[in-house]
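Chain naming follows the written order as A, B, C, D and E, and within any one chain the residues start at number 1.
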Amino acid sequence: MSEIIEVEDLNVYFDEAHILKDINIKIPEKAVTALIGPSGCGKSTFIRTLNRMNDLIPMFKKEGKVLLDGEDIYDPKVDVVELRKKVGMVFQKPNPFPKSIFENVAYGLEIHGVEDKDKIEKTVERSLKAAAIWDEVKDKLDKSAMGLSGGQQQRLCIARTIAVSPEVILMDEPCSALDPISTTKIEDLIHKLKKDYTIIIVTHNMQQATRVSKHTAFFLNGEIVESGRTDKLFIEPEDKRTEDYITGRFG
Amino acid sequence: ASSNQQKISIAGSTSVQPVAEKLAEAYMKEHPNVKITVQGGGSAVGITSAKQGTAQIGTSSSALKPAEAEGLNQTQIAKDGIVIVVNNANNLTSLTSAQVKSIFAGNVTDWSQIGGSSGSISVITREDGSGTRDAFQKLIMGGNGTSIIKSAIVQSSTEAILQSVKGNPDAIGYMSLASVTSDVKGLTIDGVAPSEQTVSDGTYKVQRPFLFLTKGTPTGVVKDFIDWTMSSEGQAIVKQAGATPMTS
Amino acid sequence: MAKKWDEILVEKALFITAISSIAIIVLIVAFIFQQGAPALQQVGILNFIFGMDWDPTNGFYGVFPMIIGTLGITALALLMGVPLSILCSLFLAEVAPDKMRRILTPTIQALAGIPSVIYGFFGLIVLVPIMRVYFGGSGFSMLAASILLTIMILPTITSISEDAFRSIPVEYKEASLALGATQWQTIRKVIFPAALPGVITAIILGMGRAIGETMAVIMVTGNVAQIPGSIFDPVRALTSNIALEMGYATGLHYNALFATGIVLFGMIIILLLIANYIHYKKKVTIGGGYL
Amino acid sequence: MIKILSPNNSQKVMNAVLWGSGLFTIFILIVIIGYILFEGLPVVNLNFLLSDPIDSGRSGGIFPMIVSTFYVTFIAVVVATPLGVGAAVFLSEYAGESRLVKLIRFGSETLASIPSIVFGLFGLAFFVVFLGLGWSVISGALTLSFMALPTILRTAEVSIETVPQAYKEGSLALGATKWQTIYKVVLPAAIPGITTGIILGMARAMEETAAILYTVGAALSVPISMFDPARPLPLHLYILATEGISLPNAYGTAAVLVILILGITIVTNTLVERYTKKMMGR
Amino acid sequence: MSEIIEVEDLNVYFDEAHILKDINIKIPEKAVTALIGPSGCGKSTFIRTLNRMNDLIPMFKKEGKVLLDGEDIYDPKVDVVELRKKVGMVFQKPNPFPKSIFENVAYGLEIHGVEDKDKIEKTVERSLKAAAIWDEVKDKLDKSAMGLSGGQQQRLCIARTIAVSPEVILMDEPCSALDPISTTKIEDLIHKLKKDYTIIIVTHNMQQATRVSKHTAFFLNGEIVESGRTDKLFIEPEDKRTEDYITGRFG
């Protein structure tokens, strides 16, 4: 199994604040990698670095390299738009567009140049079904997405992301607002997706990490304390801090 | 028909504008192949447009200063009487030009000083440079000799003068004869009441010219239009438009 | 890479629109300066700005009373108009029943479409006589102009700030109300600060309208080029000076009117610098927060 | 003062103040619009709307002026809107906080304060004479578009800046280009503010006199081509009113103009309201 | 133990959509009540009805009664501001003000008329500590709250709410963005608070419900299927659907 993403000596600063410190990690292709760690340790910042979403934050500064398929994504030659087409993302706070539910999911297809109405409709339906929200919204596809419940919005955002089939999918706590059943459905989706896609998921739920991921990285205070195969990391962690964290004895 | 259509554009004085429009309307009826447009802007625009050639005919409502007149051919197409007006509630009906002068110079400040019922006079004048004020200054104030009192209210149009005088029992102003209505009272000056007749025959002194200006001597259709304007037919229309024709 | 070309093209096009605004400004400024500079040269800048007499017929070109007039009228109009407009926009955005808002908002916007001349005549026929009866004098006054301008800037300031208030995310409002804040506390401490950039833009545009307004002001100020003793005295604004005499001005007089424009321009710049300084100091980010 | 009051009482006071200012504004609206309609409506009838003026407008109607107004305003808005919104997009999304941005912003604010008469004279010198467009619809409309530009620009800029960052991120993360994001997410979300700017700019263009006095010509006939002179409503009523030609007809013209503008603002606002309700789900 | 809130025949509509149907429930005083149920079933809508937050949504309509201390909170005589002072709320989506961290927490105190700077500072510190975020933010109290991580924002919002000590605290998934350790700390906080306050908490985490609450209500499609003592509801639910849901066999 090859690595699709390699992060080398990554350091991230917001102005003077040193948020990520000497991050080195390899993300295997067509597999699920989980990122765990206490709130505020830098998980979101890290995955937002992988699709260059942090570029939008004026005070963002980085050192080090992020290689996708061997190419540094921060190279000036890289087309950020192409990068983001390859690397999709579900945000921590659900952020649907102020458009209808249908348009939210169709949006990505349209901007990727899909014009065939039939195809768009099919893909929208398929994505909404995969994100386990179809039944709840199928009768109000033309209603605004802003009128959905928190969990519905979160699933809509998942549908929106998978509709355009990116190679890598970054998910920042995709199940945080979901009940156990929806969560199971999303996990099933992840299992299905991992055959063809690379998935990086941030989660606070250790069980979820063990259930869905092959690899796990444990973040603490902006550093990766430990990373490796999930089964190993959760059963016999090398670092004391990892052990403390996963057993809930931390802090 | 448009291929041999000829255009004349007229621009300048807003006082002349309605007269010119009426002339144009009648002329175009007789000459369907001529299209005349009339544009306002003020006498200064008339002078510059004529000089620059932006308009074939510039119009002005006051006599030109020497510097302005340079290179321009002037045709006076009408006269316009300037009436001294007061509020209808004012009990005066006539004044001498000397009295008007001292009022506007600020030497007389209360109506009782000149035989009216007491009330502090509110002097209303037109803006510096306007044709109306020019004529008033020249004929009442005596050229550049005496200036209108600095604290006089300045209004920039005939109607604004009318409304200002109408709304204030102590006001006095002056305005174009054509626009005087029963809302205000026109005063007899030096024993002559302003009317088309007295303006036309020159007994009423306070008046100004309406001028057509052309760059050099007019030719072609422009000349034809101006000639027509000066004809009895044209002058009848001038009269209809409320101005005083050159010949009565 | 066809897309990339699109993007570059779009950016270039947008850049051109931005630059064209600059070009327009430069064109107009250059025009004003080109026409006005000769007068400043001939009369002398200081004489022009601080001269107390304006009498073109006799060759006096001093605009100081008009500077005072413009400042006075504008200040007074802003003093009355800004609070009224902002309160009114708050009323529309936060308090007014929905149906009322739906009628009021467009009607207020329509107020921006009433010709200045009509405002002028309204002032002349209705306002000036009232002022004369109640405050004495001729009725033509700084105050009369300021009242008209208050009404004239109302639509600009009200509409733009109403939008600014209404575009504040409801989440902020909810958070405040949930803490037991009154509506007014919520407005004062959350909504208003967050909407401040929009409100300041509204005020700046309103101020522009007030300074630049001509036709209405001409009819009610009396246009006397003297420093007013009180707000009930007649004054002449710089803009009025230009509009009043432009129709007849030639030669130096014409240039002097544009020089008046230059002075006005200088004043605008100073006022804007002040306004922008406040703006900068108070700059708040809204819509921020990236997570 | 407010400090001494309890939150409860200050709420009551402010409620009264806000209602007070709202009602006061309504009072102003009724007085101004009522005044115009009261003075103007008596002369307005179908004949007034549909016939040509006679005798410089002393009698007859204002049909050519209505056409002129639409013609001139339409062109002015069509020119100013893309320039204003485009510049606003550039300033808020592309340029960062550079000198250029500050300069443009400052410049447009200055532009907003330039007296209309100066625009008029500029238009005369630039469009009419220098570009040789003559006194025409196009000269007047372009002058007006310059006047309306700053309002549209600054208002659009403010509303674009209030669009939550989260929407943009959502779009970019899907691989949308910057322009796609702006075009499909940011601008639609900023529509209410942008329309306000356009309406204010348009209203300004529709009512302006001084700027067209020197540029549009004053022809009493219906303009056919863009290069024909025209006489929009405000100019017509200005001439009627100031030269004492016919005050009643001037008010009639004003009433028609006010009704036209009211119609436009009400329709636009209703559409925007519906649109926002659909988008935001409330 | 008395009931502080009694909801009688509550029906809520958003325009035509019937969101809550015939809700009847009593919330005991000085105890924790958990609300569970699948995403989109109406939990948020329900708790937002308890502090009249839904009043802000123009198309909100309700029937039935919500009694707080025996008084209908929808009675026209009721002062909504006073009501919301008594009934505090932590929202599902963290919504800090665009102000500094300190100001966010001090805000509630200031509007409640606290002027003593010292007291404000102490309360802010105490609240931030209770919400388990003090250590992370103590050095940047004057920085904007918008620059916090998702979980940090969530904890800040908790701190903001408890700073003003409302009698009833509504918490809409307060731990959704939190790691297990922070979650434990928030649960500890809830345990502490319940001695003096009434707490209603929406949660998707069954374990959390059993850990913190005395009573639980199970929502489904806008109805309360079952409610009662937590220990009973989770061990021997009366309704088949409840059982299915809590055992994860649902849907």
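As a working rule, a contact is a pair of C-beta atoms (placed from the backbone, for glycine too) under 8 Å apart; a residue touches a chain by one contact, two chains touch by 3 or more.
Predicted, not measured: the structure shown is a model, and the values here were computed from it.
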Would you kindly say which chain has the C-alpha centre located farthest from the C-alpha centre of chain E?
B
Can you name the chain that lies farthest from chain A, using the mean of each chain's Cα atoms as its centre?
B
Whole-angstrom distance, CA centroid of chain A to CA centroid of chain D, is 46
Nearest whole angstrom, what separates the Cα centre of chain A from the Cα centre of chain B?
81
Using CA atom averages as chain centres, what separation in Å is found between chain C and chain D?
15
Touching two or more other chains in chain B are residues 14, 41, 45, 156, 160
Touching two or more other chains - residues of chain D:
7-8, 11, 164-166, 169, 177-178, 241-242, 282
Residues within chain A bordering two or more other chains:
44, 56, 81, 91-93, 147
Chain D-touching residues of chain E, taken from the complex the two chains share:
57-59, 79, 81, 111-113
Report the residues of chain B in contact with chain D in the complex, numbered from low to high.
9, 11, 14-15, 17-18, 21-22, 25, 37-41, 45, 52, 54, 156-160, 162, 175-176, 178-179, 181, 241
Residue ranges of chain B touching chain C (in the complex, touch as defined):
13-14, 41-45, 47-48, 62, 65, 67-68, 122, 127-131, 137, 144, 147, 150-156, 160, 163-164, 167-168, 171
Looking at the complex, which residues from chain D come into contact with chain E?
6-8, 11, 282
Contact residues on chain A for chain D in the complex?
51, 53, 56, 58, 81-82, 84-86, 88-89, 91, 93, 95-100, 107-108, 110-112, 143-147, 157, 160-161, 164, 166
